[in-house]
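Next come two complexes built around chain A: one with chain B, the other with chain C.
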Partner chain A sequence: MPRYELALILKTMQRPETAAALRRTVETLMERGAVVRNLENLGEKLLPYKISKHNQKHVTGAYFLLDFYSPPNIIIGLLDHLHRDVDVVRPTVLKKDEPGSAVGGSCCGP
Partner chain B sequence: MLSLRGLQRLKSVLTPHRNTSLRSLTVSSSLVQNKDNMLVQMENPYKEPQTGCVLCHVTVDYKNIQLLSQFISPHTGRIYGRHITGLCGRKQKEVSKAIKKAQAMGFMPVTHKHPQFMRDPNICSIKHLN
Partner chain C sequence: MFQVTCGRSVQAARLLSPRCAVLVEAVRGRKSRTDPVAKSKVGRIKVPPPVDPEEMVALNERYSEYQLIMRALRLEFKEEVLRRKYEEEIGSLAAEKAVQEEEEHRILMAWNNQENQRLLQIRVLRIQKEQEEAERKQLEAAVQREQEQQEHIKEKEREILQLQEDAKNFITLENLDQRIEEALDNPKNYNFAIDKQGRVVKQTVQQ
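Up next, the complex of A and B:
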């Protein structure tokens, strides 16, 4: 199964609410047949620009990185679900490349 | 003088040579048969070691906004061109794509450079007035 990365920006909330939102996201993923590999917390940071989502203007956000394996057909449904979630400011799913092919071959220098 | 010439001719006939064409017998032997004056095929001994661009062995990631911010203008946030960054084709494309990705995902500011990275060393060959 191909590897994906979900860069999730959640609304700034108290710890139990953030935990609940993350739990909801991971459970949605697992219901749809994805295998969660890793969840990283990149911290609560000031957003680079004001983002308005769900009739709210956000200035700060909690950044999370979620690695998972999944079949490609569920991704569109997953993104649709995340856009509807009120606590999520910006979800982005990216395909993850295998590290062997990334800087492979000659790159102009020795 | 004439006898010397005659001697040279005789030498060329008597001593065995690889190419026994008529030409070598008539023309004076010192010019054609001497190997030291011929050009030797070898690779350039003064060749400089091949230098790559700054990001040659560095993986470019959209999460590494500090690295990406070194290739944008601090005033406007515009991505510098190849003639300013000095990157090779492949790396310039990777950096450009990563910057646009990071900006779209909400990791990197669009219209300016993050103030935390203003004091980073200048890689690009551009001099700002202040």
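Up next, the complex of A and C:
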């Protein structure tokens, strides 16, 4: 199965609400047959520009990184679902490259 | 318009012994057949040059002698040519030539056969070598493929083991809450700074 990365920007909320939103997302993923590998928090940061979503203007957002394995056919449905979620400001699914060359890997970040 | 007939044309015979005194002959020049004769030429009668009888007699005698001799010579030569041709094809020369040709043919055929034999030997050797070469290559290729397959299998096995190891760290429904709490407690920062000398600074201020 190919490996994807969900770069999720959540609304700035209190901790229990954020936790609930994350839990909801992960459960949605698992329902659709994905295998979640890791969840990382990139912190609550100032958004590069003001984003309006679900009739709200956001200035800051909580960035999360979620990598998972999934079949490609569910991605569209998943994105659709995430766009409809009120707490999600911007969902982005990217493909993860298989780690092949050592040359390419050492010149980037951590 | 009126062409002077030279020796080669048919009219030459008529000139030498003319039946009628005059000969009117027209050859189409500038004018077509329907054009009238020119005013200066109306009533013109062509008169052949006058003949001297003694001269004519002498000439005729000499000509007849000359032509006789020439004809004889020509016939002699023709006969010689024919005889030579005959000799060549059917006469004495022919048999000798046939024998010679036979001999030559035999020699050439023998030489040809020898050449063929020689080349056959060479060819057989070459083909044998090539076959051996091909077999060897095939074996090598087979061995190579085997090796590659083995490598491949080992690679895949390694990957599987790696993945099995990683699988222990995946998020499941049980450790979901725990992992969420963990993630929220430890924000990770991927930013870094680098200068022209290549010094990397991983510790940056998180906003």
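Methods note: the second predicted complex is superposed on the first by the 100 of 110 C-alpha atoms of A that agree within 3 Å, B and C clash if a C-alpha of one lies under 4 Å from a C-alpha of the other, contacts with A are read in each partner's own complex, and residues count from 1 in each chain.
To be clear about the criterion, contacts are C-beta pairs under 8 Å (C-beta built on N, C-alpha and C of every residue); 3 or more make two chains touch, one makes a residue touch a chain.
As the structure is a prediction and not an experimental result, all values here were calculated from the model.
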Partner chain in contact with A:61 - chain B first, chain C second, else both or neither: first
Contacts of A:49 with chain B and chain C, given as first, second, both or neither: first
Partner chain(s) touched by A:9 [first = chain B, second = chain C, both, neither]: first
First (chain B), second (chain C), both or neither touched by A:92: first
Touched partner set for A:83, first chain B, second chain C, both or neither: neither
Residues of chain A at both interfaces, chain B in one complex, chain C in the other: 42, 65, 109-110
Footprint of chain C on chain A - complex, ascending: 15, 18-19, 22-23, 26-27, 30, 35-46, 64-65, 109-110
Residues of chain B touching chain A in the complex: 49-53, 56-57, 59, 62-63, 88, 90-91, 101, 103-111, 114
Interface residues, chain C side, partner chain A - complex: 166, 169-171, 173, 176-177, 179-181, 183-184, 186-190, 192, 202, 206-207
Partner chain B, residues of chain A touching it in the complex: 7, 9, 42, 47-49, 51, 61, 63, 65, 89-90, 92, 94, 102-103, 107-110
